[in-house]
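Next up: the structures, one after another.
After this come two complexes, each holding subunit A, first together with subunit B and then together with subunit C.
And then the complex of A and B:
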C-alpha cells in the first residue's frame, strides 16, 4: 500500500482500490450472498413472494435426499436418492480423471524438467500450449466427432480389420462415463502438467545423481526423491483438475452417454428447465460444500497441508 | 540503410491506444436512441434461425422504419430466465415463448396485456388465434399472447432402415429394432400417449397435466415402461444440432424430433411422419413485457408478423407453419411441399397440442427425466 501510494499518488491508488472493491463487492460477493439467501426460500410465483408461504426453510437442500432409485454397486442393489447417485458418480469420475491426468502428466513433466535439452524446451512447451488456443467447446466437439458411431475412429478400426463392426464409444465400453472422462482428461491435463513441472524443476539435479550414485534403481529415485519433492505440485494440480472436472458443464453435455449425468447438469436443469432458481442455488452451495469436503478428506489422507499447495 | 518505419515509443503507443479506445467507446457515449428515426423495438427470441435477421427484420424496417434490436437465446428456459432479469432491469419489449408456457410467465408477473385495437386479429388463420387456442391466449378476458408460427414434434425416420408399424405409431420408438434419438421428457410423454392409445393406462394421459396426483400415477407407469425399452436409445437431443448429429453421426434410424430436424434431413434419406396417435404440436408467439418501453413499436412488430409477408418470412425462417392468411402462397415451395407430405387433413385434425405445464409439473417432469436418464 505504501509502495503504491509512493508510486502512483493518492488519486490513482484510490481509484485502483475503489475499482477493485467494486469488482469484488458488486460482481462477486453480493451476487453470491443473494444466491445464498435465495437458496433458503421456496420457488414461488411472484404474487406469493412476501406472502405466508415465503419463509426460510431447508426444503431445497432436503431435495438432495429425496427420490430414491435402485443403485447397484459391486453387485449389491440398494436404494439411493437420484441426485446423491449423480453426485457420487461425478466425484468418482472426477477422481478418475485426476488420476489419469497425473499418470499422463508426471512422466512428461519429469522429461521436460530434467531430461530434455534447454534449447528445445520452448518449442516443446509451445507444442503443448497450441491446443489451449482452441476453445474448450471446439475441443470437446472434436472428441464427439471422433467417438461417434459413424466417426473416423470406427471407420479406421473397421478398415484395418481391428473391429468387425463399429462400436458406440460414446455410450461407453467400460462405464457410461468413458467419453466424458476422455474429454475431461484432454481438456485439463495441462493444469496437472505445469504445477508438477514447476515443482520438479526446482529439484537440484545433484540429488538425483546422488541417489543414482548410491545405487538406487530408477523407480526408487522417483519414489523416494522426486515424487516427495513434487508433492506440492501434484497436490495443487490434483485439486485444480478435480475441481475443474467436477465443475465442468460443457464436456458432460457434449460427450454424454445415454445414462450419464453430471451434477452440474442437474443444477442446470433445476436453474433453466425447471426454472427453480432457489433449488438450483441450494444445490450449487451444497455442491461446493461437498466437493470441498472431498478435497479436504483426500488432502488429509495424503498428508498435504494447504501451505504446501500455496508454495 | 534508411529507416522507413518510425519507432513506436511508449508515449506514441499510449496515445494511439487511448484514441482507439475513445473511438470504440463512442457508440456508447452517443446514444443510438438519439439517432434512431422512427423508433426501435427490443425483441428477444430464438437463436439459430438466421433468416429472421437477414430477411424479416429488414423487411419490417423498410415497411415501418422501426429497427429491431434482436437478442438471440437458445431455448425457452433461457428466455424465461432472461425475462425474470429484464423485469427488474428492463431492456426487453417483446419475447417469444410457446402457448403452453406464457401462463407461468404471467403468474410470475412478467407480462402486460396486448392492445387488440393496435393489432389486426383478422389476419390470423382460423384456429390459431381463436377457438381453443384463442381461449388459451387470454387471462381474465385480456389478450396476452398472439401466435408467430406453429410446428410439430413427430417421427423422423430413415426411409431405408427404420422399422415402422402400419400405420406408424409412437410405439415404434420403443421397438428394439430401431436405434432412436429422443429427448427424455418428450419420450416419457410419447410412451404415455402410446399406452393411452393402447388402453393400457388406468386413466387418460391428459389428466396428468391438471392433477399432480394423476401425474405421478401415470408418469410412474410411463417411466417403468420406457426404462424397459431404453436399450435402443443411441443419443439424447436437446437442440437442433444434437438431433441432427444423432442421425448423421450416431446412426439413429428413428427419432422423436422437431419438424425442422426432418426438414434439414429431407434430402438425406429421412422422412417426417405423423404417428397414428397424432403428432405433438406447439404454438409459439409474442408476449409483451410488463415494463416494455416501446409499446407502439412492439404492436407494429407483432402485427407485421401476422401479415402474409411477415408470417411467411417467420415460418420460413423456422421451417415451420405460418399464422397469417395468404402466407402459404408466399412460402418457399420446398417448405410447403415438405409439410403437405406429412400432414393431410386427417393428420392435421389429430394434432396433439402440448397442454399447459405448470412450474410444479415441469419440476416433477424434470425428476422423471433424471430417473429415465440414470436408468
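And then the complex of A and C:
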C-alpha cells in the first residue's frame, strides 16, 4: 500500500481506489445486497409499497416448496414441489452435461497438448475457435434444425436403414431433456477442452516417458501421471461448464421438449411475464447458493484454489 | 503401438472437428433453401430471398447498431476498472487480497441471469429505468474481471525496479504510469479490450433482463428463433459465420507470415509458437457466455 503511494502518488492511487471501489460496490456488492433484500419482500402494487403489508417475509422462498407434483427419479415416484423439481432437474442434467463434456474433451486435450506436432497446433486451435465465436443462440438453433422431425438427422438415419421411421428427438428418447443435453454439450464442450489442454500442456513429456519406461500401461500413465497433473484444468472446466449449463437460458428455450423446464426459464417467467421481481430475486439467490456450493465442492474435491478455477 | 494410438488420436480429432462444423454448415446451407421452414431437407431449390428479406429487416439493423454501442461502452468502462483493480490487487497481500480477488472473480462464475436481475433491481431502487445503459452496467461487472485477470497476469512479468529508476531520475508519478507501466501493459490492455468487446456482443442473459424494450442482436435472434422462424435467421447466421472464418483466415495468414519472419531471423521455434499459447488462454474468456 505504502509502495503504491510512493510509486504513483496520492492522486493516481486515489483514482485506482475509486475505480475499484465503483466496480466492487456499484456493480457487484450493492446489486447483490439489493437482490438479497428484495427476495424477502412481497410483490406489491406501487401504492402499497411502504404500507402495512410491506414487511419482510419468507413467502417468496415458500413458493419454492409449494405445488407438489408427481416426480419419478430412478424409478421411484413421489411428490415434489414443481419448482424444486425444475431446480433438481437443472442441477442433475447440468452435471450430466459436465460429465459428457469431460469424457469427450479429455482425449482431445491430451491429443492437442502431447500428440500434435507443434507446427500445426496453432492452426488446429484456431479451427476450434471458429465455432466458439458463433453466437450461442445460433449454435443451439443449428441443433434445432438437425433434430426437427422432418430434419436431416431423421432422413439420414432412415435412409441408411438405422431407423425404420423418424423419431421425435426433441421430445427425448431417454429423458425429456435429451435435446437440451445435446445442445448444451455442443455449446460448452470447448470450455472443458481449453482449460484441460492448458494444464496438460505444462506437463513435462519426460514424466510420461518415464512412466512408460517403468512399465506402466497407457491407462496407468493417464490415471497416475497425466490426470493428477490436469486437475486444476479439470476443476476449472467443470465449474465453467456446470455453471454455464445451469445458467443457460438460450439452449433450453430453443431446444425444449413438451415436459422439459429449466430453472432459468422459471426465473424468466417470473421476471418478465409475471413481473414478480421479488420472487425472481429469491430464485436468483438460490442460484447464487448453488454456485457457491458447487465452487466450494470443486475446490475441496480437487484441492485447488479459487485462482485455479477462475482464469 | 504408439503409432496406432496416434492414428486413433487423429481420427478422433477429425471426428470432433466434423461434429463442431457440420451443424454450422447445415444451418448456413439452409439459408439458400427455397423453403419457408429453416431446413436443408427437403431441398426445394436455390434462392437468395432470405438474404434480401434480411437486409430489409429494420429491427435487425437497429439491434446490430445497439449491440456495437453497448460493446464500445463496455470496453470503455471495463478496461479502466479491470486495470485499476489489477494494479490494486497486485500491490497488496494477505487476507484482504484474497477477499478482494474473490469478490472480483465471483461474477464470472455467477449465472448471467442473476447478474442481470441484481443489476435491474439495484438501479430500479435508485430510480434508474431499465434500458441498454443497465445492460452495460451488468456486463461490465463480470467483463471487468476478465480484464483484471489478463492485466494481473501481465503484471507478474513487470520489473518494479524500472519504476524506481524512473522516480530516481526525477519522473513524476503520472510519467511513471504513462511511460513505464502502461507500455508494459499494452498487450494485456489490447487483449482485454478485444475480449470485452466480443464478450459484450455475445452476451444474452444479462442483457435480456436489463434491456427494457431495446434490442441487441442476440436478444433479437433469440426472439426470432422462438417466435416466427424463417430462414432469414439462417442467412444472418451464414453471414456471421463467414465473417468469423474470414477473420480466422486473416489471422492465420498473419501468424504464418510472422512465424516465417521469425524463422528467417534465425530465432528458435519457441518464439513462433507464442501466439498459440496466448490464444489458448483466451477462449475461456472469449466465448464465455455467462
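We take it that the second predicted complex is superposed on the first by the 267 of 311 C-alpha atoms of A that agree within 3 Å, B and C clash if a C-alpha of one lies under 4 Å from a C-alpha of the other, contacts with A are read in each partner's own complex, and residues count from 1 in each chain.
Convention: contacts are C-beta pairs under 8 Å (C-beta built on N, C-alpha and C of every residue); 3 or more make two chains touch, one makes a residue touch a chain.
Fair warning: this is a prediction, and the values are worked out from it, not measured in the lab.
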Which of the two partners, first being subunit B and second being subunit C, lies in contact with A:258: first, second, both, or neither? first
For A:69, decide between first (touching subunit B), second (touching subunit C), both and neither. first
Is A:249 in contact with subunit B, with subunit C, with both, or with neither (first, second, both, neither)? second
Which holds for A:194: it touches subunit B only (first), subunit C only (second), both, or neither? second
Counting residues of subunit A touched by each partner, does subunit B or subunit C come out ahead? C
For A:20 in the superposed arrangement: first (subunit B), second (subunit C), both or neither? second
Who does A:151 touch here: subunit B (first), subunit C (second), both, or neither? both
With both complexes overlaid on chain A, does A:43 touch subunit B (first), subunit C (second), both or neither? first
Kindly classify A:271 by the partners it touches after superposition: subunit B alone (first), subunit C alone (second), both, or neither? both
Would you please give the residues of subunit A that touch subunit B in one complex and also touch subunit C in the other complex? 144-145, 148, 150-151, 271-272, 277
Once bound in the complex, which stretches of subunit A touch subunit C? 1, 3-4, 6-9, 11-12, 15-17, 19-20, 22-24, 26-32, 34-35, 38, 104, 107-108, 111-112, 115-116, 118, 121-146, 148, 150-152, 155, 186-187, 190-191, 194-195, 197-198, 201, 218, 236, 239-240, 243-244, 246-250, 253-254, 264, 267-268, 271-272, 277, 280-281, 284, 287-288, 291, 295, 306-307, 309-311
Using the touch definition from the top, list the residues of subunit C that touch subunit A in their complex. 5-6, 9, 12-13, 16-17, 19-21, 23-24, 26-27, 30, 38-42, 80-82, 84-85, 87-88, 91-92, 100-115, 117-125, 137-138, 140-141, 144-145, 149, 160, 163, 167, 172-174, 176-177, 198, 202, 204-205, 208-209, 217-218, 221-222, 225-226, 233-234, 237, 240-241, 244-245, 247-248, 251-252, 255, 269, 273, 275-276, 279-281, 283-284, 286-290
Using the touch rule from the top, collect the residues of subunit A that touch subunit B in their complex. 43, 45-47, 67, 69, 82-83, 85-86, 144-145, 148-151, 168, 170-171, 256, 258-261, 266, 269-277, 279
Which bits of subunit B are touching subunit A when the two form their complex? 75, 77-78, 80-81, 104, 107-110, 230, 233-236, 245, 248-251, 359, 362-363, 366-367, 369-371, 373-375
